[in-house]
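In the two assemblies presented below, chain A is common to both, partnered first by chain B and then by chain C.
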Partner chain A sequence: MNLLTIIFFDAINYAATLFLLSVGLTVVFGVMRILNVSHGGIYALGAYMGTWLALWVLEVDLPPVLTYLMLLLGALIVGFLLGPIIERLLLRRIYGSDMHIQLLLTFSILLILDDGMKLIWGMEPLFISEPYSMLGRFKVGGIIYPWYDFVLVGVAVVFGAALVWMVRATRFGKLVIAVIADREVSQAIGINVNLIFTVAFTVGALAAALGGAFVAPKIAVVPQFALEVVVLAFAVIAIGGMGSIEGAAIGAIVVSFARALAIHLAPEVELMAVYLIMILVLVVRPQGLFGEVELRRI
Partner chain B sequence: MMNWRALPRAGVAAAALLIVVPPFLPGWILFVLTKAMFMFIAVMGVSVLLRGGLLTFGHALYYATGAYAVGFCVKWLGVRELIFLIPLGALAGFIMAALVGVVMARYREVFFAMLNLAFSMMLFGALLKLYWVTGGTDGLAIGTATLAGIRLTGDSFGYYYFSLAMVGIVTLVVYRFMASPAGYFLRAMYDNEIRIEYSGVAVRQVVYRTYLLAGTLGGVAGVLAAFTIGHIVPEDAFWIQSGEFVFVALLGGFGGVPGPMLGALVFEFLQTYASKYFPLAWQMMMGIIMLLIILFQPGGLWAIYQRIEARLTGKDRGGDHH
Partner chain C sequence: MRKISTSGILSFALGALAAGAMAFGAAAAPPKGAPKALKVAFVDFFSGGAAVFGVSGKGTSEWVVAKWNKEGGIGGVPIDLVLVDEGGGPKKQVSELRRLVLDEKVDAVVGYTSSGNCLAIAPVAEELKVLTVVHVCGTHRLTEDNKLKYVFRTASNQAADSVSLARYVLSVKPDLKTIAGANEDYAWGRDSWEAFKIAIQRLKPDVKVVAELWTKFQAGEYSAEISRLLAARPDAIHSSFWGGGLITFIKQAGPRGLFDQSLVALSTGEQVLQNVGKSMPDGVIAAPRATAGFFALEGAPGHKAFVEAIYKHNKRYPDYPAYRTYQAWAGLKGAYEKAIADAGRWPTTEEVIKAFEGLSWETPSGTVAMRSDHQAVHGGLVGVTKFSKEHGFAILENIVHHKAEDINPPLGTKTLDWVRAIK
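Showing the complex of A and B:
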C-alpha cells in the first residue's frame, strides 16, 4: 500500500514536469507542422537563466521569496527573446522545405544553444534549492512530500487549462484552428498566418522556458541535458498524439506512471521503459492515443 | 556493370591522391585521414537514407554496435583479427538493422528521425548501465588490430590503406545498390512515395533494404573506428555522434559518393583544429555551419565544386542531387 502511494505521488509529480516540458513542442507541431528539435535548448536555457537570476537574488541578499519571481522572469526573457528571433529569422525561410531540412535547421539551433550555454555558464552545474526547500513539506499517508512538487502540479494544470481555453474559447484560438485546417485558405480569407506562426512559436518557446525554469530548483542544471529533453518530450507527445494539448497531458501521465513503476520495481530499465512504451504505442496506434489520422495527399 | 567513364574526373583524381600522397605526409595528417575513412563509411549510410528523404538522428546505434562487437571479441576472446572482425561488425550492424528496421520501415519523416534517436539512446543507456559487461563510462580498451596475423596500429600506413580499401568496397556496394531497382525506387520515393506505391512497388521493402544497407555500413565503420582510436565508450552511441554523421552528410552533400568523402575529410580537419583552438565551441561551430548550408547552400560543398567545374569547362552538367 505504502509503495503504491509513493509510486502514485512520484508519477503525478513527474507527469507535471513532463507536461510542462512537452506541451510547447506539441503546440508548435500542431500549428506549424514542424518538430522543433531546439525545444530542448530553449528549455535548458530557461532553466539556466531562471536559476542564474535567482542565484543573483540570493547573492545580493534580497528576500529569498523573490527567487520565484526571478525564475518566472528568466523564463519570460528567454521565451519572448528566442521565440520571435528563431521564428522570424530562421524558420520563416524553410516553411516550404522538406521535413528533413526543417528538422536539421532546428537541430543546428539546438547545437548552437547547447554550446552557447556552456560558454556562458561553464561546465559546472548550477544549483538552487531555496525555492524548493522554502515551501516546506507535508505529510500524507506516512510519506513526507515537498510542497514545491505540489505547486508544480498546480502550475502544470493551470498552464494546460489556459492553453486549452486559448485554443477553444478565444478568437485567436479559432484563427489558429483555421490555420491548422488549411493554411492557404486561411491566408486567402485574410488571416495573418505569419503572425499566427510567430505567436504560436513564441508560446511554444515560452512554455519550454517556463518548464525549464520551474523544474530547475528540483534538479542540478548541467550542460547537455538539452537533447535528452527533446527525446523525452517527443516520446510524450508521440504517445499522446502530436499536436494535441490533451494528448500531451495523457502522454505525460502514461510515461510518468511507467517510469515511476520502473524506478520502484525494476530500476535498471528506467530509461528504457519510456521508449519501450513509445514504440509499443506507435506500433499499435501510429497516430498516438489522441492524434487524428492524417490523410495522405498525393 | 559500372560505367567507369561516368565517374567524375574529380573523384578519380581524389582517389589517386588518397592512394599516392599519404606516404609523404606527416603522421598526424595520416591519422586524420584514417579517421575520415571510417567517418565516410558511416556517413554513406546516412546519405543513402537521405536520398530517399529519410533523416536519422540515431545512426550511432549501428556505429556503436559495430564498435562494441569488436569490444566484446577483444574482451572475451582476445581476437583482434580484421579479416574476422570486419564481417562480424557488418553482420552485427545488419542484424541490429534487421530487428529495428521492422519497426522503422513503417515510419517516415519526423517519426523516422526521432524513433532512430530513441533506439540509439536506449543502446547508450544500456552501454552505460550494464557496466559489468560494457565497462560503463570507462568503455573498453581495444588495442592493436592484426591483419592476417600482422599487427597494424591505428596510426600506421598499413591500417590507413586497409581503411581505404574498405572505403573502395563500400563505394562499389553503394553504387551497385543505387543502380539496383531498390536504389531507383529510393530516389523516386524522395519525390513522391505514393506514386511509387501505385506503380505496384512495396515501399516498405525499399525502405527496409536501404535501412539494412545503412546499418551494415554503420557496423563496418564502428569496427574501423574502434581500432583507429583504440578505445570505445558509450558516447559512440550518443546523439552527438549521430548528429556528426548527419552534419557531415549535409556538409559534403549527400547526392553521391564524392560529397560524403569531401565532407568527411573537411570534417576531420575542422574537428582537429577546433578541438585545439575552440574546444568548447565545437558544437556551436557545427550548428552555425549547418545553418549556413541549409539556408544558402543546400547541396553542400560538392555542389559548390560542381558549380565551379561547370563554369570552368563552360558547360552545365547539371547537379546530381539525389
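Showing the complex of A and C:
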C-alpha cells in the first residue's frame, strides 16, 4: 500500500511536467497540422527567462516569494512574444507545404533558439533553487516531497482546464474546431483562419514556456537541456493521440506511471518502459488513445 | 649632456635582441622538418547537460595554448587550436573525428569527456592513425578492451574514483550494512558502480545492495529515483552522475532529505560545487577524480599560480576537468618535446608515440606517469563537503590523499580483477 502511494505521488508529479511540455505540441499539431520541433527550444527559453528574472529578484534583495511571479512573467514574455513572431514571420510561409519542409523549418528555429540562448546566457548552468525549497515539504508513506512539486501539478491542471474550457465553451473554441474540421470552408464562411493560427501557436508556445519556467527551479538550466525531454513529449502525444488535449493529459499520466512503476519495481527496464508502451498503443490504436482517424479528402 | 657612443648603442641593441629572443621562445628555431603550426583539435561538450565540463576544458585549453604559443609553442612550433563540440552522441563523434583528420588535417586530438564517446572513437582513431589524447573519459574499458597505439589516456580511470570512494565511505561509516547506487545507464555509470560495489563488498563482505538504479544520460528528472532511494533507506549511496545531471540530482534530492538520511558519495561531486552553491549539503563525500583540487594547494610547485591563472581566465576555479585538460595538453607537449630531442628533427607521429610511452610529466596535481598500456596513473584525494563562506560554495575538508599505486591497478592487471583483490 505504502509503495503504491509513493508510486502514485511520483507519477502524478512527473505527469504534470510532461503534460505542460506536451500539451502545446498537441495544440499546435491539432489546429495547424504542424509538428513543431522548435517546441523544445521555446520550453528551454521559458526556463532561461524565468530563472534569469527570478535570479534578478534575489540579487536585488527583493522578497524571495516574488521569484514565483518572475517565473510566470518569464513564461508570459516568451510565450506572447515568441509565439506570434515565429508564426507570423516564419510558419505562415509554409502552410500547405510538405511535412519535411515544416520539420526543416521548425528544426532550424530550434537551432537558432539554442544558439541564441548560448549567446545570451553562456554555457554555464543557470541555477536557482529557492522556489523549489521555499514552500516547505510534507511526508507521504515515510517519503518527503516538496510542496513545490504539487504547485506544478496545480499549474498543469489549471492550464489544462483553461484550455479545455476555451475549446469547448467559448465562441473562439467553436471557431477553432471549425478550422480543425475544414480550413478552406472555414475561410470561405469568413472565419479569420490566420488569427486562429496565430492564437493557437501562441497558446502552444505559452504552454511550453510555462512548463520550462516552472520546471526550472528543480533542474539544471543548461544549453540544449530540452532536446532530450522533447523526445519524451513526442512519445506522450503519440500515446495520447496527436491533436487531443485530453490525450496529452492521459499520455502524460500513462508515461509517468510506466516510469514510476519501472523505477520502483524493475529499475533495469526504466528506459525501455515508456517506449514499449508507446509501441503497444500504436500497434493496437495507431491514432493514439484519444486521436481521431483522419479522413482522406478527395 | 652625456654623449652616447656608437659601441654603447650597439651593445644595447644586441642585449635587447638577446632579451627578446629569450622572451619569445628561449625557443630556438623550430627543428628541421617542422610544420608551420601543430594543428590540434580539442573535443569537449559545448552543449547539453555536460556543457559544464566543456566550459572548463575549453577555457583551460585556450589559456594553455595561448601561454605556450607566447613562449614559443611546442619545439618552436605554435599550436593551432580547433574547438569541436562533443555533443550529439558516439555516432556523430566518429564522423567528426573522420572530418577532423581527413578534411581539417589535424595533427592530434585532445579531449573526450564521455565514456560512450571515447569507446566509440578509439578504434577509429587507431584506423586513422591520429594521435589522440583522452583527457576525462573514465571507463577502464578504453585501455583494456582495445589494443591502443595512437590513443592515450592522460588520467586515471574510474577505478581510482570508485576505490578511493569505497575506502573513504568505510572510514566514515565502519558499521556500513547497506548500499545503493544511482548511475547513468552507459559505460561510465555501469563501470563506476560495478567497481564501487565490488570494492565495498571486498573490503566489508557483509554489505548488502538494496537498490541499483539506472537513468538516462543527463536525465533532467530524478524524483522517482529519489523516492526509491528514500524508501530503500541505504546506509550509503553511490552516484557517478555528472555535469547538469548531477546538478539536477542535488537540487531535487536536497530538499527531500536524501543527504540527511544516507551518506552519499559522488564520484564527480567536486566538479559541481561552484555551480550549486549553498544547495550542496555538508557531509557529502566527493572527489575531484584523482586530481588535486584548487582548495588543497599543497600540491606540486606552480599549483597556486595555475589556480590563479585559471580563475582569472575562466572566471571559475579550476575543477577537475580543468586539471585533466591541463594534464592532457602537458602530456602531449612533453611527448613532442622528448621526441624532438630524441630525433633531432621534427618527429613523426610514431616517434611521438614512442616518446609518450613511459613519459612522466609534472602537473599542478603532481607527477603523472604514462604506462606502456597508454593508461596514465597518478594519486588523488577524497574529502567531504563543507560550506565555505569565503568561497560562497562548499569545498572539501577531511581530505585523504591516495598514492597512485593505492588507487590504480598495476600494469597488466585487469581493473575489475584488481578491485576484487584489494585489501
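Definition applied: the second predicted complex is superposed on the first by the 294 of 298 C-alpha atoms of A that agree within 3 Å, B and C clash if a C-alpha of one lies under 4 Å from a C-alpha of the other, contacts with A are read in each partner's own complex, and residues count from 1 in each chain.
Definition applied: a contact is a pair of C-beta atoms (placed from the backbone, for glycine too) under 8 Å apart; a residue touches a chain by one contact, two chains touch by 3 or more.
These numbers come from a predicted model, not from an experiment.
Chemist: Clash or fit: what happens to chain B and chain C when chain A is overlaid?
Modeler: clash
Chemist: Based on the superposed arrangement, let me know which partner A:118 touches: chain B (first), chain C (second), both, or neither?
Modeler: both
Chemist: Contact-wise, after the overlay, does A:48 reach chain B, chain C, both or neither (first, second, both, neither)?
Modeler: The answer is neither, since A:48 touches no partner chain.
Chemist: Given the touch rule stated above, what does A:228 touch, chain B (first), chain C (second), both, or neither?
Modeler: After superposing on A, A:228 lies in contact with both chain B and chain C.
Chemist: Who does A:107 touch here: chain B (first), chain C (second), both, or neither?
Modeler: Once the two structures are laid over each other on A, A:107 reaches chain B alone.
Chemist: Quick check on the superposed pair: does A:279 touch chain B, chain C, both, or neither? Answer first, second, both or neither.
Modeler: It touches chain B, and chain C stays clear.
Chemist: Would you check which partner chain A:214 touches, where first means chain B only, second means chain C only, and both and neither mean what they say?
Modeler: Once the two structures are laid over each other on A, A:214 reaches no partner at all.
Chemist: Which of these chain C stretches, 27-35, 99-107, 225-233 or 297-305, gets into chain B when the structures are overlaid?
Modeler: The answer is stretch 99-107.
Chemist: Do any residues of chain A touch both chain B and chain C, and if so, which are they?
Modeler: In chain A, positions 114, 118, 227-228, 268, 271 sit in both the chain B and chain C interfaces.
Chemist: Mind listing the chain C positions that touch chain A in their complex?
Modeler: The touching residues are 46-49, 51-52, 54-55, 87, 185, 211-221, 223-225, 227-228, 230-231, 243-245, 247-248, 251-252, 254-257, 275-277, 279, 316.
Chemist: Which of the residues in chain B come into contact with chain A in the complex?
Modeler: It comes out as residues 50, 53-55, 57, 103, 106-107, 109-111, 113-115, 117-119, 121-122, 125-126, 129, 192, 194-195, 239, 243, 246, 250, 280-284, 286-288, 290-291, 294-295, 298.
Chemist: Could you please specify the touching residues of chain A with respect to chain B in the complex?
Modeler: Contacts found on chain A: 35, 90, 93-94, 98-101, 103-105, 107-112, 114-116, 118-119, 227-228, 231, 234-235, 238, 242, 268, 271-272, 275, 278-279, 282-283, 286, 296, 298.
Chemist: Can you list the residues on chain A that touch chain C in the complex?
Modeler: These residues of chain A touch chain C: 2-3, 6-7, 9-11, 13-14, 17, 114, 118, 122-125, 127, 129, 132-133, 137, 141-146, 149, 215, 217-220, 222-225, 227-229, 259-260, 263-264, 267-268, 270-271.
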